[in-house]
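Paired with subunit B in one complex and with subunit C in the other, subunit A is shared by the two complexes that follow.
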Partner chain A sequence: MKIYKLKTGYTEFLGALLQKGKNVIAPRFAGRTLLFGKIDKAEEAVLPEKYINTVRSAKEFMFPVTEAVVEFSFRNKDVKIHDAHPEEDEKLIVGLRPCDAAAFTITDDIFNYEYKDEFYLTRRRNAALITFACESIDEACFCTSVGLKPDSIQGSDILFKKNSAGTYIAYVNSEKGQKVIDSVKELFEEVIEVVEDIPLYRDLENKMRSPLDTVKIKEWLDKNFESPLWDEYSSRCLGCGSCAYLCPTCHCFDIVDETKYSQGLRRKNWDACQFPLFTLHASGHNPREVQSKRYRQRVMHKFKYYSDRFNKTLCTGCGRCVRSCPVNLDIYQVVSELTKEETA
Partner chain B sequence: MNNIYKPYLAKIDEVRQETPDTKTFRLSFTDPEEAEKFSFKAGQFGEYSSFGDGESTFCIASSPTRKGYIECSFKVVGKVTNALKNKDVGDVIGFRGPYGNSFPIEDMRGKNLIFVGGGIGLAPLRSLIWNCLDLRQEFGRITILYGARSVSDLCYKDELKEWEERSDVDFVKTVDPGGETSDWDGKIGFVPTVLKELAPEPENTVAITCGPPIMIKFVLANLSELGFKPEQVVTTLENRMKCGLGKCGRCNVGKTYVCIDGPVFTARELEALPVDF
Partner chain C sequence: MSNDIKQSSEAKKLARELLEQGKVSAVIGYAEGTLKGRVQTLIARNPLDAEKFIFNEYCVNNLAVYLTKSYRLLKSDKPVAVFLKPCDIRTVTALIQEHQIKREDIFIIGMSCQGVRNGNGLSGKCRACRMHNPQYSDAVIGEAIEEKEPEVTDPFARVKEIENMSTQERWQFWTKEFDKCIRCYACRQACPLCYCEQCIVDKTQPRWIESSAHPVGNMAWHLIRAFHLAGRCIGCGECDRVCHQNIPLSLLNMKMSKEIFDLYGYRSGVDPEAKPPLTEFKMEDNEEFIR
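Entry: the complex of A and B
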């Protein structure tokens, strides 16, 4: 891994990338909401020290909220269909946090096994992830519980960390990342000596809510599918689905046709297991007919099913589901309390 | 690009009204190259689409031994099936598939088979039944127990007659109490009850069942009472699906995706799944 010192600030770095004609996606305000979006000027981007995380994760740049997968037209008995193509332009997603970068290494498994979802995979190939380690956290963050840290490099093509002097140090984690550095080489200076372990990140790590024991949680989940605690803990869940929509690792979707006159698109749209219609059979039978079963599915999928199948926890501890929940249902708290119930 | 969501175009060659709310389509692929390449196994399913209305999941109801076409049967219950019901011979629909695993026909060779079907649940069994009947000498006794709510809800009526008349098939038909007509010559009673009366021998036998979830539940219990071991019993789960490819998450049960790990499961495999289907 090569390590570089950024000789300028964040804005100058973005400016240089834009000047080279790069397509830069970075956190910027849309009204009052901090979201990832394409920037045309470096100044539009919000400085990494000014935010904890964006409201929505970066997942929509690989797996958009809605996207056409097939185009069709029909006139009486004459039907024509065409592939819809994902955009193939290269993107630099800059300013994401380690939890969001790590999320892609988890969702890669689902879109890349057996049947390959080229819509996701094409975008994934064409995007470089340029992560900035966290400079602050809030009470919702719990990445240390799921094996990550405020300065984890997992999934990032480049990880920027600030040293004690306030200079950005770039850790290059892939060829894709190296290419980005090479494209604006004049801004960087290679670092040969060992870089200090930066106390800021260790401090944040220590300030985070005490780590969950994911092994113990999984053991509890293995045995407690029918626990009455599911009713208890989910009784206030509204089934609004905002946890799933904001989650960087939730990947469920619907496929829906949209038409205008004799033409149309078949679209993949985000969906969520928290909605009652998600599992409703045509017959009227619904295996998850109450919210407690749907909430159980969410927790089980995150902490048991996904790891049973792919050996990974379907959660990066980004805390968005905690921040966004209208009834303050906190998955961290729920799983830690569930686990305690067994030992009590 | 290999677009896993892009359907084949398929022409409707034949439409049969099975029951007041169930239809069968016979389909052939419009592209001769695709038609030539296409193959499937009994138990597999597809995503059928009416362009503009969406996609629905049904099994392939015809036998892989009958080449050149596929058949699907569907009950009119929602948006897509309502659109499909209005399609006619010559119309073009979409088909993606074949998806999922299939009935373990290799393990059934040389064994007695008992098929237990309810309502439209006969569709996947029909694929396997014809597959086995077309290779009749490879199997032992073949028993088919089929029931529906009422006489008019019985699917594939012509074929039921054919099975009834065949000397190499034991065929038993039943309707739920109250669903009989004055000229009904079959049994009256729920499928699981009739199965118990029939009391098939578990020895060297495989039981294959498909129907409404509640029927399957009691059929599995009764087979177990009759001495069938869970590995001798095969069923299909027809969860709500969308992609059919193990991506969209809808048919997720435990670590299993019904669309790629199923839809065919032995009762032994079902025991290992959380009761979430």
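Entry: the complex of A and C
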């Protein structure tokens, strides 16, 4: 695939896309909170060198916090049911980090498994992921533990990196990416020669928490479903769900019916295994009746079950769960310490 | 020795002794965190774990949250010990008043406190704090601190600003804030006074509060929670701290506290003998607002 040099800055790039009538989603401030959102003016977007990552990941543009999946109305015995459909418009998600772009390559497997989730898949098909390599990291980041790097291209349609002169170099990774470049061709110049490996990215990689051994972690998890360590580590978990809601790879949802008078919507809402209601049966029995069992599910799903099924770790090391946990229950620390313990 | 180190070592020693002598079933306290400026919760059940306890300016969490909810640690016949800052102790008072815990089931390790940080600066609650010395404690860790006039003398200043907005401005302010809510309920889970076995938002037959993160559902959730905390919230600021979307939740709860104070002269968690006004009836109660 091709490599280009961006002749302008970030803002001009966004401006040109907007000018062409594109639907641009980029990190911008909502009050004090950095979130992805649709931008109308290029200046609203925060420059990639100004943030480590957004508070929420970009997953909500494929899998929204809430969305209608069925519409219904009833009058006596006359019930009408219509399928709802996802919007079809194209989106350019710009300014995401390699961990968030990679997350989609992981969740694609589940939404494309036995049941094809039309909502996720349609939006996914219509979205181009335009990633900017990380220029800074914090203590919570651990992407190198799960095979990623501050400048990984996995999942991106275009990856922008800076060269030592501070110019953005665009690495095109798909047809979709090429189409985006072509739409604002005047801003780009094709690069033929080999591009230098930029020391910044290697520095960041080396500064990160030392990589986890996911193979060893999985082996430990395979044997330790019943370990007493689960309780020891996680009885302090508040079950607040922040970890799952901010995670780019967590994908659980709940289905609710919301009715007003004689019509309503069936909605698909985010849900999380950290909540007591998540596995509560109609009989009243709850197989995960205490928080430590719910926390175990989180770790097992990320580092064992998903890997059993799809041969992938359900984590991109983005660090959001680490940053947001109110009691500093740090998944990196938990899995690295657990696996040091002898198998029970 | 700096204050931190001294208080940490006193705390370790006390926790170890309590566990060694079998006086408590567990000690809930703070331990070193994995990120700068963050501490971890530690629930120690054996004396060896007590070595990990610390106390410093980052110990912002209100650990009284562990005294209620489904993970009640109080099932044992022995009390449970908790590190509580002077402001956190109000939670225990409020929980006793609401018959959620018994005083003898809790061993309060009161931490004298100069103020704690949330992120870069002094936590908002500490700017207006007038209680640096723990009360009603079974043991106090740290030296007595001289009480002085706080940096912020009117804790309700921001609430008043919002009260002074026009109805429309206020509506806009809150719809914009609530728009960010993703209904994770971290605010509820971190709140020591949101201890209901089944929260109203989880009730489905009938469903009172829509659980979807749309404007109607979000507004309903925040209003009902504010009402449920009226006259009960002790102002620990945990809901605010844990909301990753930075929704200023404590403003809602402060507003309710202000109303209750203006109407009944009552502050939650301050006086263990006082009766919470919303659970008590008095002939002379102010009822001008009932029309």
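By definition in this document, the second predicted complex is superposed on the first by the 342 of 344 C-alpha atoms of A that agree within 3 Å, B and C clash if a C-alpha of one lies under 4 Å from a C-alpha of the other, contacts with A are read in each partner's own complex, and residues count from 1 in each chain.
By definition in this document, a residue touches a chain if its C-beta (ideal position, glycine included) is under 8 Å from a C-beta of that chain, and two chains touch if they have at least 3 such contacts.
Just so it is clear, the model here is predicted, and its values are computed rather than measured.
S.K.: Which partner does A:P326 reach: the first (subunit B), the second (subunit C), both, or neither?
M.R.: second
S.K.: Does subunit B (first) or subunit C (second) touch A:V256, or do both, or does neither?
M.R.: both
S.K.: Touch test for A:H85: subunit B only (first), subunit C only (second), both, or neither?
M.R.: Once the two structures are laid over each other on A, A:H85 reaches subunit B alone.
S.K.: Have a look at where A:W270 lands relative to subunit B and subunit C in the superposition and call it first, second, both or neither.
M.R.: So A:W270 only meets subunit C here.
S.K.: Tell me which partner A:S210 touches in the superposition: subunit B (first), subunit C (second), both or neither.
M.R.: Touch partners of A:S210: none, neither subunit B nor subunit C.
S.K.: Of the two partner chains, subunit B (first) and subunit C (second), which one does A:Q19 touch, if any: first, second, both, or neither?
M.R.: Neither subunit B nor subunit C is touched by A:Q19.
S.K.: After the superposition on A, what does A:H281 contact: first (subunit B), second (subunit C), both or neither?
M.R.: In the superposition, A:H281 contacts subunit B only.
S.K.: Return first, second, both or neither, reflecting whether A:L246 touches subunit B, subunit C, both chains, or no partner chain.
M.R.: Touch status of A:L246: second partner only.
S.K.: Where on subunit A do the contacts from subunit B and from subunit C line up?
M.R.: 254, 256
S.K.: With touch defined as at the start, can you tell me which subunit A residues reach subunit B in the complex?
M.R.: Residues in contact with subunit B: 69-70, 72, 74, 77-79, 81, 83-85, 110-111, 113-119, 122, 225, 251-257, 259, 264, 266, 268, 271, 273, 278-283, 285, 287-288, 293, 297, 300-301, 304-306, 308-309.
S.K.: Can you name the residues of subunit B that touch subunit A in the complex?
M.R.: Residues 1-7, 9, 49, 51-56, 75, 77-78, 81, 90-92, 94, 212-213, 238-240, 242-243, 245-250, 252-255, 260, 274-277 of subunit B touch subunit A in their complex.
S.K.: Applying the document's contact rule, which stretches of subunit A touch subunit C when the two form their complex?
M.R.: Residue list for subunit A touching subunit C: 30-33, 35, 55-56, 65-66, 138-140, 235-236, 238-242, 244-246, 254, 256, 258, 267, 269-270, 272, 275-277, 290-291, 322-324, 326-330, 332-333.
S.K.: Residue numbers of subunit C touching subunit A in their complex, please.
M.R.: Contacts found on subunit C: 33-36, 38-43, 61, 65-66, 70-71, 176-177, 179-180, 182-186, 189-190, 202, 204, 207, 210-214, 217, 238, 241-242, 244-246.
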